[in-house]
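Just dropping this structure here.
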Amino acid sequence: MFISSFTQISNIVIAIEACALIAAALSGFIEARKKRLDIVSTFIVGFSSAFGGGTMRDILLDRRPFYWVMHENYAILVFIMALIAPFLIRISSKWINALLYTSIDAIGLSLFTISGTSIALSMGSPPFAAIILGVVSAVFGGIIRDILLNQIPYVLKNNTPYISCAFVGACLYVLLHRFNILNADTIHLLIATMVIFILRMLSWHFNIRLPKNI
Amino acid sequence: MFISSFTQISNIVIAIEACALIAAALSGFIEARKKRLDIVSTFIVGFSSAFGGGTMRDILLDRRPFYWVMHENYAILVFIMALIAPFLIRISSKWINALLYTSIDAIGLSLFTISGTSIALSMGSPPFAAIILGVVSAVFGGIIRDILLNQIPYVLKNNTPYISCAFVGACLYVLLHRFNILNADTIHLLIATMVIFILRMLSWHFNIRLPKNI
Amino acid sequence: MFISSFTQISNIVIAIEACALIAAALSGFIEARKKRLDIVSTFIVGFSSAFGGGTMRDILLDRRPFYWVMHENYAILVFIMALIAPFLIRISSKWINALLYTSIDAIGLSLFTISGTSIALSMGSPPFAAIILGVVSAVFGGIIRDILLNQIPYVLKNNTPYISCAFVGACLYVLLHRFNILNADTIHLLIATMVIFILRMLSWHFNIRLPKNI
C-alpha cells in the first residue's frame, strides 16, 4: 500500500523499512538483556517489538494477512538475529552511537506512522481515527515490549515528544491528503514522513520535554 | 443497537453515555497524573480507559467500525480533555465528590455491561459467552489503563464487588431476554441496567467486600 | 480441526484437552491467590489463563467462534472451579505433585502448540507464521495471566526450555506435514505432539537451562 505509492523509489523504502524493523527488534533485545532473559524469550520480545505495532493496526482494521505472515523473511531474520543477540548488542553498542540509533528509530517512527495513517484512510477510516491508527502502528510495538517486560511503556513514561511527533505528522498528512493540497499523494506521504523525522530529531537534539500532567 | 432499543429515550441515553465515557477518560487522567505522565501519554491512557472495553468487545465479536471510529467526536473530545487534564482534575476534585464520581462510574458500568451483553446476544453468542462479553465491555478499559501504567488492574486487586455487579446484572438480562419474561426487551434492558447500578451503589455505600481466595 | 484428525481416538483427546484447560485455569487460580485476589477476579485470571492462548490465536487468524464460545461448558466449568478455588488449590496441592502437574501442563503445551500450528497451516499460513501461531496458542494464556497480575510472564522470565520445546515440535510438525513424510497427517500430529511432551518432561527432569542473553 505504502510501498506501492512509492514504486519509483520502492527499493530504497524496502531497505529503510528493513532497517527500521531491525532497529525495533534490537531495542527489544537490549531491553530483554536488562531483564536477563534467555535466547527464546529474547526472540519473543524482539518479535513483539518489531511487529507488534503493525499487527495491532491490522487487528483494529480487520486486515489480513499480517506483515510478518506476508513477509516471512523478516520474521525469520528477527529469529536469526535473536540467536546472535548478545553478539549484535555488543557490535551495535560499539558501532551504533546514539545519533545513528535515534535516526534509524526516527525513520521507523515516521514510516510506520504515515503508512498506518495512509492504510487506515484507504480503508475508509475517518480522519481522527486514521491518525490514531497511524500512531498505534508506530508506537504499539514498543508498548507491548515494555508490557511483556513488566515496565511502564518507555514512550508513555518519558516526557519526550515521541508520540507527539507521530501525532503531528499524521495530522499533517491527513490535512494534505484531505484537501489534496499538492495534487500528488506520493508527495504528501513524503512530506509528512519527513516532517515526523525532522521533528523527532530536533526534539532529541534540543532535548525538548513535554509539560507533565500536574 | 442498545441505543436503538431505547429510541423513546435515546437523547437521555446519549447524554448518559457521554458522561460515562468522560468519567472513564477522567479516571485515566487521574491515574496518569499519579505516574507523572506528560500530556500526550495522558491522552493515550485516557483514550484506552474510555474506549478500551468497547474496542476489545468488538475485536472479540469481529465487529467493525469501533465506537471511536463511528463517533469520532467522542475521540476528539477525549483529546481536548487531555489537553486540559490538569485543569479538569482540579475542577473535578473540587466539584465531583466521591458519591457523584461513583454514581457516574456505576452508570457507565451498568450501561456498558448490558449493551455489551445485548450486542453479543444479537450477534448470536450463546448466553454465558454473552455475559462474559458484557463484563469485558464494561471493565476492560480500566484493565488496559492499569496494564499501561504497570499496576495490577484496580478491578482485580480491590475486593469490592465491581465485576460481580456487572456479572449478576448480565446474568439477569440474559435470563429475562431468553425467556422473554416481560415481553418487551426494552424493559429487560432497563431493569438489568438499573439492577447493576443499584447493586454497585449499595455495595459501595455499605463497603461490602468479597471473600478472598485463600 | 485437531480433534477431527483424531476421530479414532477423539474421546481420549477431548478428555486430555479438558485436563489441560483445567490445569491452565488452576495455574491462574494459584497465581491469583498469591496476589490475594477475590473470587471474581480469580475467575477472570483463571479464564484468561485457560482460554487466552486460543483466543489470541483465533484473533490473529480472524477465526470465529472462539473455543469458549463454541464449547460454553468449559467456560462454565472454569467459573464453577473459581467458586471453589481455595478448596481446589488445597486438594491439588495434596494430591497433585510436581510430576503430575508438570505432566498435565506439558500435555497442554504439546496439544495446543500442534493444534495451533495445524489450524494455522490449514488456513493458509506460511510455515514460519504457523509455527509462531502454534507457540502463541500454547503460551499466550500464561502470558496474559501474568500481565494481569503485573509480573513478568513466567515463560519469559524463567530460562527453562518451555517455549523452545513448543517451537521445536512445531517446526518438526511443519516439516513432516510439508514433505508429507509419513503419508498420514494423523501420524505427523501424534509424533510432533509427543516430541514436545517428551522434550518438556526431559528438560524438566534434568533441569536444563537455556543460555541467557548476556
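Before moving on, here are some points about what is shown:
In this document, chain identifiers A, B and C correspond to the written order of the chains, with residue numbering beginning at 1 in each.
The working rule: a contact is a pair of C-beta atoms (placed from the backbone, for glycine too) under 8 Å apart; a residue touches a chain by one contact, two chains touch by 3 or more.
Only a predicted model underlies this, so the values are computations on that prediction, with no experimental measurement involved.
Two copies of one sequence, subunit B and subunit C, touch each other mainly through non-matching residues, since under half of the numbers at the interface are common to both.
Fitting subunit A to subunit B on CA positions gives a rotation angle of 120°, reported to the nearest 5. Our note on geometry: subunit B versus subunit C, Cα centroid distance of 31 Å, whole angstroms.
Taken residue by residue, subunit B touches two or more other chains at 59, 62, 147, 150, whereas all remaining positions touch fewer. Across the complex, subunit A is touched by residues 59-60, 62, 125-129, 132, 143, 147, 150-153, 155-157, 159, 161, 163-164, 167, 209-214 of subunit C. Chain contact summary for the complex, subunit C toward subunit B: residues 29, 32-33, 35-42, 44-45, 47, 55, 59, 62, 64-66, 68-69, 72, 75-76, 79, 85-86, 89, 147-150.
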